[in-house]
Amino acid sequence: VISPDGTRHPCPELDEWVGDIDVPALEKLYIDMACIRRLDAEGTALQRQGELGLWAPLLGQEAAQIGSGRALENDDFIFPSYREHGVAYCRGVNPHDLLRMWRGAAPSGWNPYEVNMANQQIVIGAQTLHAAGYAMGLKFDGSAAAAITYFGDGATSQGDVSEAMVFAASYQAPLVFFCQNNHWAISEPVARQTTGHIADRAAGFGLATWRVDGNDVLAVMAATRAALAHVRTGSGPAFIEAVTYRMGAHTTADDPTRYRDALELEEWAAKDPLDRVAAHLDSLGADLGELKKRSESAADELAAGLREAITTMPDPTVDDLFAHVYSHPHQGLEEQRENYSNYLAGFAVQGQGTK
Amino acid sequence: VISPDGTRHPCPELDEWVGDIDVPALEKLYIDMACIRRLDAEGTALQRQGELGLWAPLLGQEAAQIGSGRALENDDFIFPSYREHGVAYCRGVNPHDLLRMWRGAAPSGWNPYEVNMANQQIVIGAQTLHAAGYAMGLKFDGSAAAAITYFGDGATSQGDVSEAMVFAASYQAPLVFFCQNNHWAISEPVARQTTGHIADRAAGFGLATWRVDGNDVLAVMAATRAALAHVRTGSGPAFIEAVTYRMGAHTTADDPTRYRDALELEEWAAKDPLDRVAAHLDSLGADLGELKKRSESAADELAAGLREAITTMPDPTVDDLFAHVYSHPHQGLEEQRENYSNYLAGFAVQGQGTK
Amino acid sequence: ASAGRGAGGSSEAKPASPNPGLRMVDAGDEVPRGIGHLRATPPVRKYARDHNIDLGSLKGTGTNGLITREDVVRAS
Amino acid sequence: MKTLTFSQALNTSLRSAMEHDSKVVLMGEDIGKLGGVFRITDGLQKDFGQHRVIDTPLAESGIVGTAIGLAFRGYRPVVEIQFDGFVYPAFDQIVSQLAKMHFRSRGNVKLPVTIRIPFGGGIGSPEHHSESPEAYFAHTAGLRVVSPSNPQDAYTMLQQAIADDDPVIFLEPKRRYHVRGEVDTDLVPDPGSLYNAQVVREGADLTLIAYGPLVKTAMDAAAAAQDEGIDIEVIDLRSIEPVDFVTLSASVRKTGRVVIAHEASKFGGIGAELAASLTERCFDHLDHAPVRVTGFDIPYPPSKLEHHHLPDLDRILDGVDRAMRRTGDLLGEEG
Amino acid sequence: MKTLTFSQALNTSLRSAMEHDSKVVLMGEDIGKLGGVFRITDGLQKDFGQHRVIDTPLAESGIVGTAIGLAFRGYRPVVEIQFDGFVYPAFDQIVSQLAKMHFRSRGNVKLPVTIRIPFGGGIGSPEHHSESPEAYFAHTAGLRVVSPSNPQDAYTMLQQAIADDDPVIFLEPKRRYHVRGEVDTDLVPDPGSLYNAQVVREGADLTLIAYGPLVKTAMDAAAAAQDEGIDIEVIDLRSIEPVDFVTLSASVRKTGRVVIAHEASKFGGIGAELAASLTERCFDHLDHAPVRVTGFDIPYPPSKLEHHHLPDLDRILDGVDRAMRRTGDLLGEEG
């Protein structure tokens, strides 16, 4: 829809879904993308400073995450992987909750039911089945809501993802599979996982499929809206392959120079999701200078919130160790908790402080 | 290629692969099918008589098993599920080895390396990955052989089967996936597993696919030969969906009247794989009476062999309990073996025989 | 009457019960009674066994009535 | 009070749970028209419809994974795994997802999923149809694991498991499906009692612990031992995780001797945990090391050999003799 | 003799195995160009090519399943599972296929597959990156399970595991990857020695058993206890299945006291088997019940809490004190 150089091309299939996106709306999408780019930069910086244990950068995938995240209704339910900070941001997840898990302060961030988004999923592909089951529930309930699940190109090899397509198709469940094909699964190129297009695989399972430029926020939004509309009619699940690129490392623990070409990176830098929107807005006569100012101040505010969250985030306590393993008391675990607190108390008594 | 009524229809894609099948060759295929139908009937009978613990009937799937089994070269390696008695028969597996597992006398039948066919696999879909790995090995070895794996329509839902397609495609391994779509997975119709054709799913994984009348022995043979030729060129794996029908129960423990329509059965009875070959041979002027005599005597011989095998099959001994858990001694297990034999000896000593 | 020793397996589903076995212990053997309620460590119990001392006849002097080796030695 | 078979008790229990809570849904392979290969769900799809009794595609990871998703949505899924040996494809979803979600979400997400597994041997089946996987699940924090041994418990414990907000692995001793017993379907048990062990026979000389398929065998062994003057207390463990050590320890302190029986392999089986924990808790009272009578450390053998593998009355009595010091200890006890 | 880190020792060991046997192939995610996320396979793809060092699709069941197929074809695959928590999708292939194939095929099919798993915690990682799954595998008949604790064993035991005709689960204590030690790469060990435990410190008062990541901690604890006058014998288990009970029992009969340490959860962990078996074997010699010092029965906690969960020197010494009866026993010992 929008080329890397900012020109807009007619695309009948997608255009109708973003007819409402006028200049102010597009500017909002730009600001969103700028914000999550900043969020991402902060995440990496905080990790470098030792404030976070790990961070999974989304740099380059802003259009895929904002385009889809902003296409969702509030009561649609999201089952993400670990890289969807941008989608969480769309959900209004607060800075505390965004960072908690990455800091190692808790096993997860937000309360899924407050934002209609499940916690991060690290086990590749596992969440797609949860999404399929949730969507089956939506169908049984006669709900108008949909479910969407995010995963990567690498994930498509996992049996669970295939099984999720089987289940969703079998029950014609209102679920959108959203694959961010960012070309890499850590060090493995997407060609290791598939010889053809990922979207074609989904078609073989009977899903309605879209393959879109994942760096084009409008194309992604259009495809997501189309797919959501499709699944809401009860005509079965849909699949979106958003072709994008992971510009950063896999995580802050990764060194991509070991396995990928600088040239490839350059090539994709030229397809930047923000630049093209700016160029397009420019061509429409929008005030770019003002837009950048607005987006910077929004990003600054977000960044300040993140920093503040980190400095005020309490460390977890021993109580957190034993809490929530079960939803009601468990005899063996109660014993262990008591034994361990007696043990710790032994140190305190001897004036050595707590462990 | 051959319709249910025995007329032969031109099918350019398949015909070229069975140009060599003249009347005597077709007669041989008929005899093969008659033999495994008898083998199957004997299996069911032996189970009813308490000689076997269980039997999985292949009735109705004779063409799928003979057509594919007879298309293989000796050094092609087979990874079957549990219903491929007909394929094992093609491999020359002897009666003892065919029945041993079903009798509960041993965990498996034959020596896989003597017949180039792995043992029966009960865990649905698991063998397809072994086949993919074996085929990767063939490729690494530069071997001219291929691998083939058999599984059912139900199995296509298992993650392992999808992963096997991913691996086979990723390494362009010489593997043929042979799916006998017999319309049922115990009580579940194939529609529970997929909304479209099974073969289409495989195409989505980048496999060359064939969807053939699985009750037409020539069509199956042609497709299998074509698929084998395809994979031998190194151009990646292939998938055959042989559309057939399970005329009998899932196993002798199953009661299909609980879940399926007599009408459906009748419909498929009219598409019998043997009848159509007989009708076709008839139309070619073959001596049907003589053929039926020959096939009956071959089947009688096979049946006699099976009965003889059952009556002469020794029961396993306590030694078999502990043998082959590991390939070399294991301290803990040796202890258990010795303790147990001492325990058993305690009974014997007092003159009442062994346990 | 209960199923005797070796009267067959416990699995009803089993097609054929194993051949009946026999007692490996003479039914006439005297059965040691449960003495778990007494507290003593295994080596002390062994010592008492080896010296034919009935732990039940002793009063433990250890913590919570634990019968110590000294208690047994005193009794022997 | 009705007389029901074990499987009828389960069927009645499912029906009652479904009547009382419209969020209870059943999922599994062949559980609909067929009523499951063991007929435990017989007639339920007819009465509750396809959205309450859900025939699933043939993929166990998919079944458990979608059950988790349904629970996310507020459902209370009861999953049937067709046979014990087919639960392993779902292992990741059970161990990394089902077991950990409550902890992961800091208590926000409850997954009241019950996984019913017909388990254990003794029915003459081929490979993968006679597994005893309880130790895998019991070692996994976040799961609760129970196994009824009689029709009444089958009925009651299944109700309790379904009502429990935590995931419960519900192990059904398939070779006991046909046994009949009195079942009081009006019994309203204390919810916590699901995790209680039960002294099913009092005795003074030795504590014999079993669960699921072997409780009956244990009772038979106790009766046989009585003829020889050995007074055995039999405990039906009922809950494998958590274990009711209050009941167990009280018995072992009284008797000073313990024999533990299960079908699963010995090495790393539940018997190891029971033996180790009871030794920790009752050390000074023990007159002999806890004795384990179990399946061997082998893959489940072909059916013509399974009677050797499964602890039976004789092997349990042999263990009793060792615990009573009436016969020598096993080889290896000097090694 | 070279000084190598634990990970270099593994790398060198793989290289040497590949040089000696052209059928040895490596498989796993990111093991090629990247050399694996822990760089254990660093440089090997460059030197041996893509058919010997195989980057696989992202699917663990697929990896193990195809490794089985390659072994069927005569290969000797060494699989890397990227992190402990990602082995569960392969559980079915490991437990129902890899472990049972030799038995199933009546000895006809050997599957000399080695599954390398960086395991355990202490590296500040998020969920699923610090699991200790050894009990699952050790309970599974047909598998052998080992874990080296130092660079020399890393080198030697990996060679032996690869040479073994049985499937071996090879657990690498990832938090020890960076430690350095002397490695004799010319050492030609007796193949059977892979399954021997090793007394790494002699002592008279108490036997302390550890493996993999905790052997170092155990040694530190022994040194600290020495200062308090307690003379501890430390045993590096090395092989978790089979267990070298000859070595263990001899020590326990000598000392009469045993403490077992592991990171995995307590309930149903390897400590239970060791405690139960040693009680069976050494009952009359025990002055105290075997004491287990382990991770709690919780999912692996977030990294800011992992120091609580992981047995450290203090917690091991606390266990020692209990075994020596210098402090009271734990709660639950009356319950």
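Observations, loosely collected:
As written, the chains take the letters A, B, C, D and E, and residue 1 is the first residue of each chain.
As a working rule, contacts are C-beta pairs under 8 Å (C-beta built on N, C-alpha and C of every residue); 3 or more make two chains touch, one makes a residue touch a chain.
Labels paired with UniProt names: D, E = Pyruvate dehydrogenase E1 component beta subunit.
Please read these numbers as outputs of a predicted model, since none were measured by experiment.
Following the contact convention of this document, D, E is the list of chains adjacent to both subunit B and subunit C. For the two copies, subunit D and subunit E, the CA superposition rotation is 180 degrees, given to the nearest 5.
Simply put, of A-D and C-E, more C-beta pairs touch at A-D. With centres set at the average Cα position, the gap from subunit A to subunit E is 36 Å. Each chain gets a centre from the mean of its Cα atoms; for subunit D and subunit E, those two points are 30 Å apart. In this assembly, the C-alpha centroid of subunit A lies 45 Å from the C-alpha centroid of subunit B. Annotation for subunit E: residues 56-57, 59, 61-62, 85, 89, 92, 96, 100, 103-104, 127-128, 141-142, 241, 245-246, 267, 283, 286, 288, 296-299, 330, 332, 335 touch two or more other chains. Among the residues of subunit A, those touching two or more other chains are numbered 106-107, 123, 157-160, 163, 166, 170, 192-193, 325, 332-333. Within subunit C, the positions touching two or more other chains are listed as 6, 15, 18, 21, 23-24, 41-42, 45.
Subunit E makes touch with subunit A in their complex at residues 29-30, 32-35, 37, 55-59, 61-62, 85-86, 89, 124-129, 266-267, 296-299, 301-305, 307-309, 314-315, 318, 330-332, 335. Put simply, subunit B touches subunit A in their complex at residues 156-160, 162-163, 166, 169-170, 172, 192-196, 200-206, 236. By the touch rule above, subunit C contacts subunit D in their complex via residues 1-15, 17-18, 21, 23-25, 27, 29, 31-42, 45, 66.
Contact residues of subunit B toward subunit D in the complex are 53-54, 101-107, 122-124, 154-155, 157-160, 185-188, 192-193, 253-254, 258-259, 315-316, 318, 320-322, 325, 332-333, 335-336, 338-340, 342-343, 347, 355.
Considering their complex, residues 25, 51, 56-57, 59, 61-62, 64-75, 92-93, 96-97, 100, 102-110, 141-142, 144, 164-166, 195, 241-246 of subunit D touch subunit A.
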